[in-house]
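See below for the structure under consideration.
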Amino acid sequence: MQLGLIGLGRMGGNMRERLRAAGHDVVGFDHNADKSDVANLAELVEKLAAPRVIWTMVPAGQITEDTINELAGLLSEGDIIIDGGNSKFTDDGPRAERLKPKGIHYLDVGVSGGIWGFTNGYALMVGGDEEIVAHCQPIFDALKPAGQFGFAHAGKHGAGHYAKMIHNGIEYGMMQAYGEGYEILLASELVDNVPAVIKSWREGSVVKSWLLDLLDRALDEDPTLANLKGYVEDTGEGRWTVDEAIRLAVPAHVLAASIFTRFESRQADSPAMKAVAALRQQFGGHAVKR
Amino acid sequence: MQLGLIGLGRMGGNMRERLRAAGHDVVGFDHNADKSDVANLAELVEKLAAPRVIWTMVPAGQITEDTINELAGLLSEGDIIIDGGNSKFTDDGPRAERLKPKGIHYLDVGVSGGIWGFTNGYALMVGGDEEIVAHCQPIFDALKPAGQFGFAHAGKHGAGHYAKMIHNGIEYGMMQAYGEGYEILLASELVDNVPAVIKSWREGSVVKSWLLDLLDRALDEDPTLANLKGYVEDTGEGRWTVDEAIRLAVPAHVLAASIFTRFESRQADSPAMKAVAALRQQFGGHAVKR
Amino acid sequence: MQLGLIGLGRMGGNMRERLRAAGHDVVGFDHNADKSDVANLAELVEKLAAPRVIWTMVPAGQITEDTINELAGLLSEGDIIIDGGNSKFTDDGPRAERLKPKGIHYLDVGVSGGIWGFTNGYALMVGGDEEIVAHCQPIFDALKPAGQFGFAHAGKHGAGHYAKMIHNGIEYGMMQAYGEGYEILLASELVDNVPAVIKSWREGSVVKSWLLDLLDRALDEDPTLANLKGYVEDTGEGRWTVDEAIRLAVPAHVLAASIFTRFESRQADSPAMKAVAALRQQFGGHAVKR
Amino acid sequence: MQLGLIGLGRMGGNMRERLRAAGHDVVGFDHNADKSDVANLAELVEKLAAPRVIWTMVPAGQITEDTINELAGLLSEGDIIIDGGNSKFTDDGPRAERLKPKGIHYLDVGVSGGIWGFTNGYALMVGGDEEIVAHCQPIFDALKPAGQFGFAHAGKHGAGHYAKMIHNGIEYGMMQAYGEGYEILLASELVDNVPAVIKSWREGSVVKSWLLDLLDRALDEDPTLANLKGYVEDTGEGRWTVDEAIRLAVPAHVLAASIFTRFESRQADSPAMKAVAALRQQFGGHAVKR
């Protein structure tokens, strides 16, 4: 099957390779001419036979909007745009509505798998109309892992990015759970070999997971994580997940705490804790650090 | 290798079978005569050649203490007692000290795997002296999963139960993370097929894990979990983990929240929230439920 | 000073009385003719001498927007609109911008105090331009408590509602802290007289506060809160506070947890905890409630 | 009334003064001879007429135990020992039991008020037998604030320290709520004058409290808290409160989070967040800080 793919960075570049390895005809575009198969979007569209399927894999936000708007001017009735980037789910419905009058179909796809997706396949969550999803299924089948798992038609426009957002929220929670457990193990007076304990959990335990495998891998490379700082960025999905929990009145203690600890990890000093220190000093004459 | 095994319930019974399948000579004792190979502990000890290795797999607390105390009176210098139950780690050091003057060695083993361990192998975390661990390694090798993972000599007496305790604390956190994400998905207006989304994560995603596989399995059996109540017990390990976090001054937002939500799940009404409702009524004249 | 006041409900009605008691000339409008001094907004505007000051005290959202839009068509250059309702802070800047071309000034005021404000005075937080605030100061002085506290010019348009929002977020956290402590006291085997303990904290303690006074008052009326359900609504401000914490990358463990417990208090059953129960049953064969 | 008072530090010294100002005859002992009225405990006991009342105000733990044990050897049947220090509530019952065979009575008193207690009075929570409490009431009346509040007979032996412990747990939660709200205010683009906002809440608001008064006082002294580090110690009570919540299966999200943020405030780097950073690097190739 023929596919236009826009954005050939770490994710898009690997996806192009995986799709080609599966026998698909991928025409890629990137602003970096060294990676690009065509000079511009117009040439990309020209090279594809109608009905065209074009997958955008560019940074979420304005760049994705601009790319899709430009594409919309170049494409014809019956063509399909798939956004596989990390767009916010609220962008998808309005985008589909904007494309509809031109007869252009739209799918949103949440893509998980990171740098391992090329080898292992990418977990794909798709939002949009059933028949459009069906039309693109060969592409999804090539990107997803072999076997029965790793793909879902999650629901309406936005459902793909929504499912991916929740995936990331859960990811934050799981990572924080491992992190906290790891720190208590490290602090224990009894446990001498924390990396061995992590390794013991990789098979036969209830907490075995791919993330745990990766934690073991990280400890193999650096047994005390001495080369890392406890400084953790966050991407939009974790924040949006908590925003959604609040909008929908869903209790999300763990997911929220997991993002707050990331905020804390990036603070040189905490204004909140300054205020607490000030209060202790005021009422109890407790010593403070200056 | 010869092993005495005390306690042939769900866990112990399966372990006896798995050990025998691996060619070990297991003499089992249980208060249920139908399951037991011997009539009492004295007969168990008599049937084993010195140096004996006896594994207790009985409920943590007084029953385990009583069993080990009785065993201590029957065993000889050089024999080994292994406690594979869910004892609190603080029991192990004193226990080893009590056995030492009699020349009886002691190991504590945290055993994970639940009802799946018979087939998949049990993840084992061991605390105690290196040479005693080495002596018992054939037993551990038969119980653990095949391959390089699923076993660790974690550290000193107590380290095995400690590692298992942390394992359970992390387990609580992971389950809560999945639970919260699942609930937001259910509440979403966009996602039509929540079980399909869970399924999509089983391969290729960052959140893939054995627990996720089990969640998918549960949803296959009951797609809306309509047959379950959101009522969740907790065992000691989750509580002890938070106690340890507090003792060691380790921040554990996620692990603590995960146990508090279990407490909440079991409350018919919340005195704390009654107080909050009372306050709202007092200052704002807000309506309350009676 | 002359003031138009729109919305004569529980809050607005009390405010009219407090302002009149301070000697101000208040013309009130309400859709309930029994409370209203005038028949409609046009008559209200007519009764006031330019430059007019009109305070809206109507439900946040569309009703406030509609009211201000209608007012904008009736007022003249130099007039002032004050929104004292619970509008979201993000409404204020755009509103001020819309009014500016007409020469109409705008202030947003966060008003705290609930049903006690009539007697004790209302804490007021104001956003907008300095000279407009100064012009309205006599009104603020009449509404605020006597003494040096209870009023702030917090900052730009929106700062008044913002400060009030944070006030409410803190309020949620304080109430939850009292609620949790109260519940532990109730559960204790040692403390026989929980209401007496609450009473003991009202003077001389570090936790003394007006909310504590109200908790004591509630316990005087109903010593076990037997007539209340632990069911707690939330208003927008608590949610917006957490949204803001997330937007600004401020850790807010306590404020977020305080709103999540309210969500929990309103759930008949928890989908998240159903998922956790399902997982426990899957891996451990643990009993579940059906 | 006559009272022996042991420990004349910041708290005890002020209490002696407040008691004397109320007309009581206080004989104080301190290891610091400059402060002490007597040379040793024996002389203290000698100076008091039976039945003696002796109040210990020394550091919790071994020093308190030693002091009470020494006193027990010097006192006679019918004498009363009051521990007003920060002992853990679990010490009180056994202590009372040890003293009982000698006919010595025991009360535990939780004392709140910090350095302000001398002027404002101390909030007192008492555990023990009714008639002993009644006998000592004149002392309590002199120490407590004027008026109807600030004193409770909370319950059995230990109930006084228990109530004080919960008081401190709540105190942590309230301080954290203020701290988080303060930090969001600081981060806001709209609020220009955070100290003014705090000041506005001191009267008329729902969040007014003594702690808020102190926050305002701290901001008067140092408007940006520039001279403080966000580094906050914790005393035993906060930890014990969460331990109790866990023991009694009481959800305590806010109280637990408030102590965890203190732990975080004291960490130069977080092992948990190192593990999270390691995981992000492993699965996504995300940049990390070294």
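Just so it is clear, A, B, C and D label the chains in written order, and each chain counts residues from 1 on its own.
The working rule: contacts are C-beta pairs under 8 Å (C-beta built on N, C-alpha and C of every residue); 3 or more make two chains touch, one makes a residue touch a chain.
What you see is a predicted model; the values in this text were computed from it and never measured.
Participant: In steps of 5 degrees, what rotation angle do you get fitting chain A onto chain C on the CA atoms?
Facilitator: To map chain A onto chain C, rotate by about 180 degrees.
Participant: Can you check how far apart chain B and chain D are, centre to centre, with Cα atoms defining each centre and the answer in Å?
Facilitator: Centres of chain B and chain D (C-alpha means) sit 38 Å apart.
Participant: When the C-alpha atoms of chain A and chain D are each averaged to a single point, how far apart are the two points in Å?
Facilitator: Taking the average C-alpha coordinate of chain A and of chain D, the gap between them is 47 Å.
Participant: Quick one: report the Å distance separating chain A from chain B, using the average Cα coordinate of each chain.
Facilitator: Once rounded, the distance between the two centres reads 33 Å.
Participant: Among the residues of chain B, pick out those that touch two or more other chains and give their numbers.
Facilitator: 114, 176, 178, 180, 183, 187, 206, 210-211, 245, 249-253, 257, 260-261, 264, 270, 272, 283
Participant: Quick check of your reading of the touch definition: is the inter-chain graph here a line, ring, star, complete or other?
Facilitator: complete
Participant: Which residues of chain C touch chain D in the complex?
Facilitator: 89, 93, 112-114, 117, 120-125, 127, 144-145, 147-159, 162-163, 166-174, 176-178, 180-181, 183-185, 187-188, 190-193, 196-197, 199-212, 241, 244-245, 248-255, 257-258, 260-261
Participant: Of all residues in chain B, which touch chain C in the complex?
Facilitator: Per the stated touch rule, the residues are 10, 114-116, 175-176, 178-180, 182-183, 186-187, 210-211, 214-215, 217-219, 222, 225, 227-233, 253, 257, 261-262, 264-265, 269-290.
Participant: Considering only the defined contacts, which chain A positions touch chain C in the complex?
Facilitator: So the residues of chain A touching chain C come out as 206, 239, 242-243, 245-247, 249-253, 256-257, 259-261, 263-264, 266-267, 270, 272, 283.
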